Every structure is written in C-alpha cells, then in structure tokens.
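Here it is, the structure, as structure tokens.
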Amino acid sequence: MAFRLTPHERGFYPLFTRAAENIVVAADLLADLVASEGPDRPALAAKVKDTEHDGDSVTHEILVKLNSTFVTPFDREDIYRLASSLDDVLDAMEEAADRVVLYRLGVLPAGIAAQVEVLQRAAAATAEAMPKLEKVEQLQPYWIHVNSLENEADDVYRALLGELLAPPEDAPPAEVLTVLKLKEVVEVLEQAADAFETVANTVESIAVKES
Amino acid sequence: MAFRLTPHERGFYPLFTRAAENIVVAADLLADLVASEGPDRPALAAKVKDTEHDGDSVTHEILVKLNSTFVTPFDREDIYRLASSLDDVLDAMEEAADRVVLYRLGVLPAGIAAQVEVLQRAAAATAEAMPKLEKVEQLQPYWIHVNSLENEADDVYRALLGELLAPPEDAPPAEVLTVLKLKEVVEVLEQAADAFETVANTVESIAVKES
Amino acid sequence: MAFRLTPHERGFYPLFTRAAENIVVAADLLADLVASEGPDRPALAAKVKDTEHDGDSVTHEILVKLNSTFVTPFDREDIYRLASSLDDVLDAMEEAADRVVLYRLGVLPAGIAAQVEVLQRAAAATAEAMPKLEKVEQLQPYWIHVNSLENEADDVYRALLGELLAPPEDAPPAEVLTVLKLKEVVEVLEQAADAFETVANTVESIAVKES
C-alpha cells in the first residue's frame, strides 16, 4: 500500500464527518422506532442495521487509512479512539433497536424516548464538530456541550432504573421479564451516550495537545 | 533485565501459539461440560480453571518479554492487544464454566452448545494462525473466517436472548431466576466470541501496517 | 500552554497520591453507607458523590499535565492508564452507593460489606504506593498484595452471586426484583476491585520497563 507523504493528511476529516452524519440518521430512525407502535418497528430496526453497516465501512476506511498514512493530522491513537468510539455509538444504537423488536416490546416508557432525544442532540453536535477538526482548538463549546448532554443522559438513565427496579409502592406490580427486557434497552442507550462523551473527550485531548 | 537486540525478536510467536493452543483445550473442555449432566460438571470446570491459570502465565511471559525487548516484531500496542484479547477469550470461557456449576444449572438450551461449538471453531482457526504470524500478510483467510464466525455467534446469541426473554406465547412460563442464570452464561460466551474477533482484527491491522 | 522541560517531570506523583487518598475517603464512606440503615444512606451517598467530583478534577489535572508535559516520568500511556483506572475505581464506588439509595434497599447481605471491606484494604494499599512511584521498583509487594486482594474479592463476589441466584433449596424464595437490585450493586463493587487490579498491573508494567 502506497504511503502518502503530504505533510498533513487531511483525508481523515471527511471520513469522521461521514461517520457522524451516519449516526445522525441512525438516531432519527431510532427515535421513530421508539415512538412507533409494534408493526412499524421491524422495518425501522432494519434501516438502523443498514446505517450500522455503513458505519462499519467508514470505520474500516479510517483504520486502513490510518495504517497506511505516514503523516497523520494528530496522534494515531487519537484517530483510532475517535473512530472506534464513533463506531461504539452506532453499535449501541443498533443493539437498542434490535432488542426492542426482538423482545416484542409494546409501548415504551417515556424515559426511553427521552434517552433517544438526548442521543439525537449529541449526534447533531458531533456531526457539526467533525468537519471542524482541522481547527480543533475552536471546538471547546462542542465538547463542553456533549459532556453536559451526557450528564443529562445519566439523570434520565438513573430515573429509568429507579422506575423499573424500585417502582412506587402504589404502582401495579411489574412483570419481571418485561423489566429485564426494558432494562437491557435502557442500558444500551446509556452506553451510546457514554460513547458520545468518549468522542468528545478524545477531541478535547487532541485540542490540548495542539495548544 | 537484559535487552535483546536481535534485529527481529521472534520469541513472541511461540508464546502466542501456546496461548492459542491453550484456548483450544479450554474450548473442548467447555463443550464437554455443556454436553454433560450435572455430576460431571464441577470436575470439568476445575480443568477449565487450570487452563485459565496456564493462560495467565503465558500472558505474563508475553508482557514481561514485551517490556524487556528492544526490537519487537510488530507494534508494542499490537502485541499488548493480541496478548490481552487472547487472555479475555480464556477468562470468558472460564467464567462460563464456573457459572454453569455455581448456579447448579440443569440441561442447557441447545443454543448454548451451539455457542460453544462456534467458539471451538474460532479457537482452532486462531491456533492455526498464531504460528504463521511471521508471514502475517498470508493470514487474511484467517481473519475473514473469524469475523464470519463472530457473525454466526451473534445470530445464535440473539436467538437465545429472544428465546429466554421473549418465549413464544404457548411456551411454559419460564422460571425467572433460571432466565437470569442462563442469560449470564449466554452473555459471557458471547464475550468470548467478541474477544476472538478482537484477536483477528489486531492481526489484520498488523498485516495492513506491514503491507 | 507552556511546555515544562525539566528532565524529569515529578509533578505527577502528588496528583496520583491525591487521587488515591480520595479513593480511601470514598471507600470509608461506602463502608458506613453499607453498614447504616436506610435513613442515613442518602446523605452518605451524597458525600461519595462529592469525592467522585474531586476525583474527576484530579483526573482532569493529570490529563492536562500529561498533554502539556514534554518529558514524562514514565510512558504516556501508562500515566493515562493509571489515571483512568483510578478514575474507574471511584466511578464504580459512586455507582454502588447511588444504587443502594436509588433502589431503596434494606439491610444488605453480609457479603456486600465483605466486598467493601476488601475495597478499603485495596484503597489503603494504593494510597500507600502512589507516593513511592518514583522508586517504582520497590513497589512489588504492593502489586502482589493488590492482586491477592482481587482474588479475595472474586471469591466473595462468586459466593454472593451463588447466594443470590442459586440459594439453598430450604431458603425462603427470593423476591426477584430484589435479586436484580442486589446483583447490580454486587457487580459494580466487583468492577471497583478489578479497577484496583488494573492500577496495580499498570504499576508493575512500569517497574518492569524501568528494570
């Protein structure tokens, strides 16, 4: 594989941008799936699966480029961490969509829609930031924003866990298998929020090194 | 500790081979344990535990060698990732064997035997590949094979989760504690499959760098 | 950000020491919380949360220093791994405290107090070791001790899982939601023990490199 020797390998930025834009699509599909009734869900989950496949090929392009590029715009391990955390976001979203269908879940608790809505905002912020990686020092508002979104996601997640596992005394007794199914969906959505934060933290550490 | 300065430190290949062959033994023991009835299981789980101890010492040998070797055959972080993902495979297998015994599980769902059978094939492929690391560019069939095995494992895993958490309406009601026990075994076996994929992906990235 | 060019950047040691001492405080608070009855727990969980915030700022200081320091006392990735595994310890402790309160758990099984007691000893050993990082080759007793504590923690953890999921035939039937709540607390405490071991393994690998 030929080594590119341009002093500064810019080709990474469009790939990270594509990866992030793909996540925006997946987050919107996930929001539709969560809002929809049972019958429409399998088709929406299949579309989320497609975005995950697209994401996998972008990740693969980034890693091949990383391994064949002599001069990278920033530390190789930061490029690697950025690519794999973007990949983790999408994997978690796809798993959430899959589980909702697999477990034949009915109407979902409002908290799950709230989790997905936070993910949509994190996806939008990430997609807006990726094209600006070349001026990474200007991205501080982005990583601060995503960190606060992650705190918001934590609060929603925590409230959902309490709702599922420690419902108010006067609530109707929960069907335990349903609790198990919902808990898994809720946890994988929280993983997606954590992965968005890892992306943001990686961008911050790149900026600090360049400052 | 003396620094070895041979231009190319070959001593790593036999260690990775030993680690992989050890995993083959563990996978076969795990298959016996899953197929066997309760009474034979504790002895088989103890043997799996022994292979895990052997694996730990090989991992330790690799890391000591890594830290004391001046010229490594490929990137230090790739050697580290290879060693730790092989270690992760064995840890997951040992935990699966342990849980089956600890939870006094009876006859296991066929899907669990299917998971282990995929792990046996991944172990065989890995043990065949490790001695050829020196000609890593020839190992493409290996990493493609293991990636497809991981997809196979995912399908089995997904089907098992559906079977456990969303059984057909007409199925006898599952005992929830049993569901929890089986779910844990199923999940840790899936972790082993993922770790095999990490091994294969690491080998691929080594090959790409050398190409 | 100015680059410090002192041949040997010592400023990291006090930061690691502060991080470890902060963990000692959190472990003691967690022990009080586990021993206490319901009403006192929220206030104790809030204090654990405070220590986690303190820990986050120390971690942040370490990472900023890492990214702005030209000559580090040992490999950058070891400093990074040390900082993040100390952070993982505290995150797990905070989550455990939070869950006990969130799930309104009553008197806890003795095994949970035993888990926390092992964590207190690991915290003390770590806090004693961090100031001695400069003479890392003398820390072998520390990492051997923490590895044996991790084995002790594994045994307690394993016994607790068996107690929760496979209680003796003659035991009163467990309330499954309670099993789920306790299982989550038990698992996150085990994660804390694992993170202590990662800290110790990182210190060992630093020592091996320097030998």
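As written, the chains take the letters A, B and C, and residue 1 is the first residue of each chain.
Throughout what follows, a contact is a pair of C-beta atoms (placed from the backbone, for glycine too) under 8 Å apart; a residue touches a chain by one contact, two chains touch by 3 or more.
Everything numeric here is computed off the predicted structure, so don't read it as measured data.
Between subunit B and subunit C, the least number of touching-chain steps is 1.
Residue numbering at the subunit A/subunit B interface overlaps only partly, since under half of the positions present are found in both copies.
Centroid to centroid, with C-alpha atoms defining each point, subunit A and subunit B lie 27 Å apart. Multi-chain contact residues, meaning those touching two or more other chains, occur in subunit B at positions 77, 176, 180. Subunit C meets subunit B in the complex at residues 77, 158, 161-162, 165-166, 174, 176, 179-180, 183, 205, 208-209, 211. By the touch criterion given at the top, residues 1, 63-64, 67-68, 77, 98-99, 102-104, 176-177, 180-181, 184 of subunit C touch subunit A in their complex.
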